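Shared between the two complexes below is subunit A, which has subunit B as its partner in the first and subunit C in the second.
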Partner chain A sequence: MMTLSETENAIHPSAQALYAQWEKLATTQTPMGIARKPAIHSFGQLGIPTTRHEDWKYTNIAAQFKKGLVDVTNSASTEVDENQINLFPFLTANRLVFVNGHFSPTLSDVIDEAEGLVIGSLAHYNEQGHMGLRDNYNTLANNSTEAFSALNTAFAQDGAFVYVPAKVEVAHPVIIIHVTTESSEGLINTRNLVVTGRSSRLDIIESHQYIGTDTAFGNQLFEIFVGDNGHVNYHKLMTDANIGRHVGNLAAKQGNDSHFNTYVVNLSGQLVRNFMSVDIDGKNSEAGFYGLYSLDGNSQADNHVLVKHNEPHCESHQLFKGLLNDKSTGVFNGRIYVKEDAQKTNAFQSNKTILLSNDANTYTKPQLEIFADDVKCSHGATMGQIDDTMVFYLRARGLDEAQARAMLNQAFAADVIEKVTIEPLKEWLLNQLTLQLTR
Partner chain B sequence: MAEEIDIIDQVTQSDYKYGFVTNVESDNAKVGLTEDTVRFISAKKNEPEWMLEWRLKAYKAWLQMEEPTWPNVHYPKIDYQKIIYYAAPKPKKVLNSLDEVDPEILETFKKLGIPMEEQKILAGVAVDVVMDSVSVKTTYKEKLKELGIIFCSMSDAIKDYPELVKKYMGSVVPVRDNYFAALNSAVFSDGSFCFIPKGTRCPMELSTYFRINEANTGQFERTLIIAEDNSYVSYLEGCTAPMRDENQLHAAVVELVAMDNAEIKYSTVQNWYPGNKEGKGGIYNFVTKRGICQGINSKISWTQVETGSAITWKYPSVILKGENSIGEFYSVAVTNNFQQADTGTKMIHIGKNTRSRVVSKGISAGKSQNSYRGLVKVNPNAENAYNFSQCDSLLIGDRCGAHTFPYLEVSNKSAKVEHEATTSKIGEDILFYCNQRGLSTETAVQLIINGYCKEVFQHLPMEFAAEAQKLLAVSLEGSVG
Partner chain C sequence: MLSIKDLHASINGKEILKGFGLEVKPGEVHAIMGPNGTGKSTLANVLAGKEEYDVTDGTVTFQGKDLLDMAAEERAREGVFLAFQYPIEIPGVSMANFMKASLNEVRKHRGQEPLDAVEFLKVMKEKMRFVEIDEKLMRRAVNEGFSGGEKKRNEIFQMAMLEPTLSVLDETDSGLDIDALRIVANGVNKLRNENNAFVVITHYQRLLDYIVPDFVHVMYNGRIVKSGDKELALELEAKGYDWIKQEVDATV
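Entry: the complex of A and B
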């Protein structure tokens, strides 16, 4: 039995239980297997962050684990009622479905084919020793600083693996659907890896759906490599009414002349935390982060963005908007980091929040860390409410107050959704937003 | 471009102009900090029992606290047992006129370009001179006394107005507020005390010059300003310090209390020794400044020009408790060579219809790091609170850094909070435009920097505005002035 050092044990008492669980996992000599051991040690040292941790100041994640910390990825059921899942029938797309962190071949459907193109299960290609997976798996994850990344690397069983060879443009989006049905309070770890080659193109849509449960705790890690001159759009959707608890880490890396856009839409969630970081490691590249969190009830959404400009002549944009009703809480922490000599960097960030209730809270931390001088960087943040004169204008034209406010809120939030480039998806999201604002 | 590089070289190489040591014999405490040190300081100052108890309470709190590590500054660990916590010039007999002040001290002020004689005659500024912790000379005290204004050193206030000190000291910055505030509370040597009674408008700018003098002595000033109902006061604080190789610690506490309809305007020009071009030496400036708008319609305004110190850690804050109260913060922070600054403000909105405005201008040059860190917090009951913050950073040279860490926390839906920040260098197109119209690059840079800081300078009292521009010119010598 592996034992913990005293310091490791002191940091998180339930780490010991996790070790015992972890020991039962087979650690094979595959990329996933090899990564597990350093990761569990790293987690032992980090422990679950408390609110004293600067990045977790406004999200008391430790309170979620009062009853202990167990991984249930292995034991969770892989069965689900197909009719309850939203399979995005309005989109012609490649579809990968995962139930409680395990691949479901029957629900999945891959339509695009090209030489070397892989759209499938991470576990499967891990066993096969796929070169793209072997070379890239776990190279972007921040296991030494992010406790949940380390936890994921130690326990994850499966997730999506997409490999796009050079010069391949994937015609249809890849939809990754993560379904959670687990009714215990344990952790479901899922792991995704996307590697795109030079001059390739890929759209990813990721949907999280909780069916018949809101107790499970999803812990996801997503690694994305964008090759030189590549275009990748990544959408993360949490639109259902009963999204449970979720921590998602996204680590991306861009090559020269590449484009990478992230769209995050949170329309609910007991507690949703997204940490998105991108290393712009190539010249003349562009990165965009667009997020909307429209929340009600006791929901909490915590979006962290870190854009690292490591090379000159790059540009990044961040736009995050929040609509907070009832007792919901919105957190936004955007960081622009410009490395020494990353000259001619243009980086912009904007966060706008409307509070619809006095019980709602918003916490914003837009940060700039600039170590190069020839740059244009800015951020703006506003918090306020819909202007009464605008409501009056609409009421003068025959709308009642509720209608007028709904229309203005919708317009405020739609700004972000309008950035989505897949037309049918944009339409669907706008509808979901209307439903959410009127429910 | 070549000319621009010249300017950067000059900026990076200009020396500290105010480095000199005054030879005044001092009566020091033993090196290190123990309960005995606290008792020594208190005894030395003939303080009453309650003050000693207060200090000991702070000392005990300090022992349990940890030095903060969250600021974006890096420095070797301070050995608090290697600092002399009390240094006072040898006690002299009570002075009746300026002639009786130690000529060397007068000489120091001449070197600073702030001749006291002149001030006494011309400026109409009452100067409570603090030379290494003890008040040496207070002018205009009599005149102020007629109006009922109390302006004296903290030690005198403890003796003469114990009730006021007891009531307000530690009411804005509690003993346990933070590590450095606790340290200050335990060992503070002296400072200024100012009380403006009801309905009084202080007819002159009150000002104090702080100097750090004795080698290896920490300077622990404590300032308390109370403005009663319907009163107004403008307070000026300016600092320069002699050149030293060892780092010196400065941990001051400033507390402001504004009652109904009162207004306090607090201006600072800070030019402690920043260390030499290699980043050796320099002052560690860890200051806790906080004001409370206690009454309705009250106003507190902080204006600061920070050009000195090796390390600056300072967040002048306003607690907006009274209804309709206003908090303001205007700051220019310049860092050069290896200086590091982590400064900003906190605006805490508690009362209804409270408003705050933050304008922060950072300039980094050489290999310095300049951070803005600010908090705007709107409590659930602060209906119609409004905040506007603007934080701009200007970079001169490609080896310096400018960082912005604002925190915005809003829990009331009627609040309006606006924050914007930009970081850039002086655009080549702007310089080109000026060159084209016959201005040399140097004049152009001067013009642009002056324009950049104007919004802050215009909030300084006249006398200070001139000094501030002078300081900016010295700090960025070559590019301005």
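Entry: the complex of A and C
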């Protein structure tokens, strides 16, 4: 086997600094430790993506790291002022809080208990050698093609681990809060793993919060396994101030008769890039991806979705809506892949954008790759402006122009949030949207 | 209450209103009739403040104030209401939220306290009975999926909610069957009092069987060419508009 230094010539120039940094990192014979070496090797081959890469065409990620990319997860502070974080006090829930990629036992609180149920720190259960972690960790990650996945696997120290045994319905949501306080040009890597067994049920709410200015770049990898007849709802929220840069990779896999829904709400973030993929590996299953990005300033949201229909009789929905103000940019790239055997697939995709300013940009690319012959698939994209006749109707009833436009923008965006099934969370998100649209 | 003098208005450079004049006093109902394309809807839109229309000459005074100087929302808050000929569908905006925001704006302008959710619901239910509108419609988006008749009744419902001083009904009767027509007319009649006034734009005399006007005006070529009482409407119904056109064209 070649050592790292022997392969150095093949390392992409943009990856060399991280490569050198990685070599100094201690590795252990744990699932996380074992995965690191092949991952950094993959990253070495891939390098940091440039805009010549089709998937990164509209998001110049390399420009974010002018001084060269470094990992700061391992050197960052693990302290945070509790008053500065939103712990979602209006929800009765399990809470897992991570500060700069490290678990905070004092801020975390687990209330649900069941035989075999685990809600805790990935690092902890990695050390313990938990079977559910050992069997599943890093098996969905696309490290060979996604540079940031590879980087994450190489450097991540901690994140959430949730293991739901068969037939366990977790009564309250698991809220995963990732706080970044570190001011730096570097990367904070966080890693989550959720494994749910047959006929189980779980709601996950993940919130990314950034405190301070010029905070480090978040790089997250999330693997989710949905067991047969399982129900998992995953909410990924970036809702506070207009700061924060984030790359997130979600890799999910579903069994038979399962339901998996992802809700992505971006009301902030300088730069947010999500790559979400699901393998529907069971029959009679449903997947939903619902996204809202309401942006202002120079913000950019880039959502990539890949739904792989590998089995027959499944259904998937994608609905992404963008409200783009100022000089913001929205990117949507949705792919539906239907395997030859996946007959009777119903797969739908829609991306709708409203441009609120002449300087906002939107790029949308729906893709269908269908190899089965008995399927129903559709995709559509619209972009435009608020209809002036609607504005006049509202003004003719006494609302001023700003109120009328805010009401119409809210209506356009709200139908994504309306899909959220946790009532108090839905109400809170609708309020956050109103605040954002009227600020 | 409303005084329109020598009003000229155009859209895309084409003059539609050509010296329109009308005086409306509190408690009065004025019907405006006339052939297609004579500027009836333009008049309604100009009064409501639609910005696509250019007013090139004339004045409109409403309760002593220059109406043309006000933005559309100010006119609504001052008490001018347009029942639209084609009420637009607004997906995602619920009827109840819309009406609550609207009513509270109007109340604020009148120096009244805003209604809270409970008070609002009470008022809304009362006014819904007024126009025999289904409560379920209030939970839907504005006009979305409403039938033609429901859309028109919804306009009258909004009128009942906002209690305007001057209501302009732009062909509210078009597309209504006889039952819906009766409901709409009943709504208007119940709202009539000595302090408010109505301008009812219509093609057909039949609405005026239900909403009995004090004055009937015939509009042709951008202005009023003949005025009378309700008998004039019956005469128009019997004879059509050609005799009026001939009269007018002969004098030009």
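Here is the rule we use: the second predicted complex is superposed on the first by the 423 of 439 C-alpha atoms of A that agree within 3 Å, B and C clash if a C-alpha of one lies under 4 Å from a C-alpha of the other, contacts with A are read in each partner's own complex, and residues count from 1 in each chain.
Basically, contacts are C-beta pairs under 8 Å (C-beta built on N, C-alpha and C of every residue); 3 or more make two chains touch, one makes a residue touch a chain.
Note that the coordinates shown come from a computational prediction; the quantities given were computed from them, not determined experimentally.
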| item | value |
| --- | --- |
| Partner chain(s) touched by A:E401 [first = subunit B, second = subunit C, both, neither] | second |
| Between subunit B and subunit C, more extensive residue contact with subunit A | B |
| First (subunit B), second (subunit C), both or neither touched by A:Y363 | first |
| Partner chain(s) touched by A:D373 [first = subunit B, second = subunit C, both, neither] | first |
| Touched partner set for A:D415, first subunit B, second subunit C, both or neither | second |
| Partner chain in contact with A:E340 - subunit B first, subunit C second, else both or neither | first |
| Partner chain(s) touched by A:F392 [first = subunit B, second = subunit C, both, neither] | second |
| Set intersection of subunit A contacts, subunit C complex versus subunit B complex | none |
| Interface residues, subunit C side, partner subunit A - complex | 48-51, 71-73, 75-77, 81-82, 84, 87-88, 90-93, 97-98, 101-103, 105-106, 109, 141-142, 158, 162 |
| Contact footprint of subunit A on subunit B as seen in their complex | 70, 380, 393, 395-425 |
| Residues on subunit A engaged by subunit B in the complex (per definition of touch) | 54, 340-341, 343, 353, 355-385 |
| Residues of subunit A that touch subunit C when the two form their complex | 387, 389-390, 392-401, 403, 407-408, 410-412, 414-415 |
